[in-house]
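Some structures are shown below for you to check.
Two complexes, one shared chain (subunit A), two partners (subunit B, subunit C).
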Partner chain A sequence: MLPLFHPLMQRLDSDFDIDQDDVGFESQDKDIIPAKHAYEVDFTVYSPEEIQGHQDKQIAEVSNILGQPPEATAILLRHARWNKERLIDQYMEKTDEVLERAGLGDTADAHPPRLERIPGFVCDICCEDDADLDTFAMICGHRFCVDCYKQYLQTKIKNEGEAARIRCPGDGCNRIVDSKSLDLLVSANLKDRYQELLTRTYVDDKDHLRWCPAPNCVYAVDCRIKDKDLMRIVPTVHCECSHFFCFGCSLNDHQPAPCSLVKKWLKKCEDDSETANWISANTKECPKCHSTIEKNGGCNHMTCRKCRNEFCWMCMGVWSEHGTSWYNCNRFEEKSGHEARDAQARSRQSLERYLHYYNRYANHEQSAKLDKDIFLKTEKKMTQLQNTTGMSWIEVQFLDSASQALQQCRQTLKWTYAFAYYLARNNLTEIFEDNQKDLEMAVENLSEMFEKPIDQLQGLKVEMMDKTAYCTKRRIILLDDTAQNLKEGKSLVRSLVLVTCTNQPLGQWKFNVTLP
Partner chain B sequence: MFASKRLGKELQKLHDHVPPGIKLIKADDFQEWLMDIQVIDANPLYQGETYRLKFMFSGNYPIEAPEVVFVKDDAHPIPWHPHVYSNGIICLDLLDRQGWSPVHNVESVCVSLQSMLTSNTKKERPPGDDNFVRYNTQRPRDINFVFHDNQV
Partner chain C sequence: MTTPKRIIKETERLVAEKVPGISAVPHDDNVRYFDVKIDGPSQSPYEGGVFNLELFLPDDYPMTPPKIRFLTKIYHPNIDRLGRICLDVLKSNWSPALQIRTILLSIQALLGAPNPDDPLANDVAQKWKEDEKAAIETARQWTQQHAKA
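Take a look at the complex of A and B:
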């Protein structure tokens, strides 16, 4: 197993007392195994049952304090966006108003929601005026025919995913459709969806809870990172479903680049996609014989089938010249000011600079996908090999570890290029690029071993296991260093703008963009 | 079906009477209509010009807001306004999911846009107009506008 941080290690007791929310959080710290590295954050994964449990527990507690039945308390809490303290304060101060606003007031008791026929009524939504039209209005008096009201609620629930805070259809009316009215108007087949959405609002309303964005995943993650810290911490969390994602923005793990840089970068890639498209294409020409080459594995060491030319996929340079000196390939050599004086050349250079980073970014993204394909194929072949050589399933697991490490490292490498694109040159950037180079070299070595024919893989086992461990180690070092500097550089990072300034303070990241 | 019933009635009403400065141009079906608007008062920004609006309706109109954009041709420019992009896309909370009420209709949208122009004094485009117009590929209803002021 890779020496990775595992969420199970820091799972709290299932009866984790979420009631204590902000005040009580420190008291829970003792239960959490502290994060080991600068790039790791504390978090907890919750199942749907646990989330329901937290809700029930809060409802029971607030129900006791307010002396309201649990059903009504649930409505009040949802209406208050699960802000328990504020609800209790406001309830104590102006009970009637709070009940009224959540649709639970005396008037609601005295006049339970019902359909009415009103002589001379014209529905403002469908313009019908039939005498036998059933109509509905809440206490705000905005009356519509029941068909329109139902259609409106159905659209909100089904198409727009709203539940706890659907507003009256009347123009500018802020009245929330209360649950009793919903019971009357929502058709049976929508009730399940409605209930589900109600449960979801609990997680949606809490800043420290987020749904895992993996498709069909039902878990939620609890992480107490503050929005203002997202500039200096990249909070990658690991769901029970095995998905790594960023708690700050829900995108796939993008360490070491902070959320705002990632956003900028993705926007840039989107904007520049037409110019950059050819680069990310899966085929290139052999630099020697110009026959079309398709990349079919994750490794950058290419051999042309036709002329046997060996070259590097990234820079198209001759492989023998930089098989062991990867630095030629990971760093964009800034060209001298001579050429840059010409405005045309400058814009070309800026595009070249972008393409340099984008090329490497896209390459790792693509390779990570290809590495996965290769593992699926290898897995199949290893099954056959097991049958012929007697190697056990356990004995071939080193390939699984290698494949996972490759994907994880490529994911990291990918984002190091987006990060580096925005870095202004200073000594820290040099160190960063050295780390990047080390990791990249290790990854390419492992990737190359990975592509060896099946009959050779058995003999490479020990070497591959070493390389896997080494890749993981290099990745941790890179992430740790970067995260450490990011944390310390907090005050500066926010206000930095300029690329060309040469008196940069040492020991802090300097970006050539303004970050929020 | 839902939309056509309502739009049929709106059409009838528009044939009977339209407010000053508003004109029905084309309504051959219940998917897309064209309306012309003019600014009635003496706002120098909009003198002597006529703007053309394209309304697009989903089958769920008026529960769902229509998509409304200004369209440009030789006779119809895009009006200057800090909430109107130069490609005709309008950033108005009334047309957004949150601000829309099914009580609104084609006429009331036209009147709102008319008064939005009437009260404007700035010959300006929204910030970031260049980039937005160059790169936006989304349909108006899928754009999440941030409504920075509610004065429109």
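Take a look at the complex of A and C:
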């Protein structure tokens, strides 16, 4: 099977973003959602109807040029994986070969597909040999009874999700079942599914189109980011269905960490999860009285029910210290290199370092879920409050905004820790960590307010709205700064290798790993 | 459920026209389940071994390929520890016009021509590429150890 993306297939000389072959086709009929910040990319969201429209338009155009009927043109285009320039070139050069390879050789209109009864015929699939057996064969001559042919197509379409390149059921035959034959053999409801699958292959075949991965979402996103640029751009796109996802890898939004780091990180977490059971640790002991505490809210400020000890969930340190000294639980203080001389100490330190970042990463992931639960509960209580205090539905919307901001910020914070894990220290790291600290603090404050009893929420409204706006602003600043620096690492990314080197020019990220 | 004509015909033919070095016998209580024996091809590290496999015809056979797996331990880059086989005709190149006998012949051919570039057992394939001689020797030893009739 051919990979849809292969970095080597990209022209290395082209500057990034614009796919020369397709300019104008998909982009002219709909507004691109323009990028405003360094961390944003241009993209367009398309409905299934629009995608169908693109296909029809291209088919009509190429049909004119080749002088082939639209059905045949559609097969040719799908066979050429919608690369119309290449198709036209090759067609002009060696028409017969192109037709043959697409399964259209010699069909001609002289042989419209039809069912036949052949005396003495035995179907190789079902072994039936009745005299009144209806049979079917394409021009390749591989003849089977019509029931077997139908069942074969049904299996291909329904169970295997194939459409554009269904081959003849004959062993080793490469002829592709054309749409006229399909029309003859396939039931109406299967035809709908077939059309749907054909539409899907169009998106699958285009490097700059991707389906929104949200369950049951029917939209596709167009984004002209090249694979090789994924090292310095994190192309988060926003579907009509409201889902944020990465165009590069289809995972949920993972800014500011580039796809390859995310992949590495997730792999690492998966590999390490078996040896370390702390992953699922959703409970901790109170550092003072050692009673078990379950984290039941998104906030990190914990108060032990038993001894009233206030501590930080992340570092287990006393909470009051977080208030007076700066909020310094986002940073792993690198220990001096001397300590790590002996191999065991080094591996222990590397695990400790990993755990530091992992725990913060996992914490935000967990908190984001809890914040969501809390919002559901709060929503219920707010309805009661609306009834008792007379606040209107509009007036309680600030909670919805806060909840959304919290989740978005936690999503970002989560990935800042994976990002930071791979960063080598330099001036940029300091700025990054300051930004991270700032955002984290604001998020924890907002989260804490969010968990206040319902009767206090009304009084906190203005403060919460301010905090929400502040969080959103800090998130943008962090993402913008990081994305800017990633982009400027251009010369290094060009060589496709980012390594730790001692004389790193200022203003570039230094990673502890070699990236592809 | 009555047995499809296709399965009856195939089974009859497997008995009537024996393929050298290959046998497939259906269970008395399940016509879709076969005990298979394949002789290791000559001039291969599997020569002299007799390999047991199980073969099952799913409900939608022959629209989908038979399910088949080695029961005898075998050292081969395209066969994994569970005896599963990496063979194109059992996957993307399956055609409903193919039969049990053709599949078994393909498997026998695969024993004669291991393909470490399309591996299922990655560690074995790795060995095969690094040191083919040693890998073949291991395959021979395994055959002696596990596939002796």
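Criterion: the second predicted complex is superposed on the first by the 378 of 516 C-alpha atoms of A that agree within 3 Å, B and C clash if a C-alpha of one lies under 4 Å from a C-alpha of the other, contacts with A are read in each partner's own complex, and residues count from 1 in each chain.
The definition used in the following text is that contacts are C-beta pairs under 8 Å (C-beta built on N, C-alpha and C of every residue); 3 or more make two chains touch, one makes a residue touch a chain.
These numbers were taken from a predicted model, which means no experiment stands behind them.
**Q** Let me test your reading of the model: by the given contact rule, A:Ile125 touches which partner, first (subunit B), second (subunit C), both or neither?
**A** So A:Ile125 meets both subunit B and subunit C here.
**Q** After the superposition on A, what does A:Gln195 contact: first (subunit B), second (subunit C), both or neither?
**A** In the superposition, A:Gln195 contacts neither subunit B nor subunit C.
**Q** Could you say whether A:Gly172 touches subunit B, subunit C, both of them, or neither, answering first, second, both or neither?
**A** A:Gly172: touches subunit B and subunit C.
**Q** Let me test your reading of the model: by the given contact rule, A:Ser187 touches which partner, first (subunit B), second (subunit C), both or neither?
**A** Neither: A:Ser187 stays clear of subunit B and subunit C.
**Q** Looking at the overlay, does A:Thr155 come into contact with subunit B only (first), subunit C only (second), both, or neither?
**A** In the superposed model, A:Thr155 contacts both subunit B and subunit C.
**Q** On the A-aligned overlay, A:Asp271 touches which partner chain: subunit B = first, subunit C = second, or both, or neither?
**A** In the superposition, A:Asp271 contacts subunit B only.
**Q** Residues of subunit A that sit at the subunit B interface in one complex and at the subunit C interface in the other, please.
**A** 124-127, 144, 148, 151-152, 155, 159, 169-173
**Q** Okay, in this complex, where on subunit C does subunit A touch?
**A** 4-6, 8-9, 60, 62-64, 92-93, 95-98, 102
**Q** Applying the document's contact rule, which stretches of subunit A touch subunit C when the two form their complex?
**A** Per the touch definition, subunit A meets subunit C at residues 1, 124-128, 142, 144, 148, 151-152, 155, 159, 169-173.
**Q** For the complex, which residues does subunit A have touching subunit B?
**A** Residues 124-127, 144, 148, 151-152, 155, 159-160, 169-173, 270-271 of subunit A touch subunit B in their complex.
**Q** Sort out for me which residues of subunit B touch subunit A in the complex.
**A** Residue positions touching the partner: 2, 5-6, 9-10, 60, 62-64, 97, 101-104, 131, 135.
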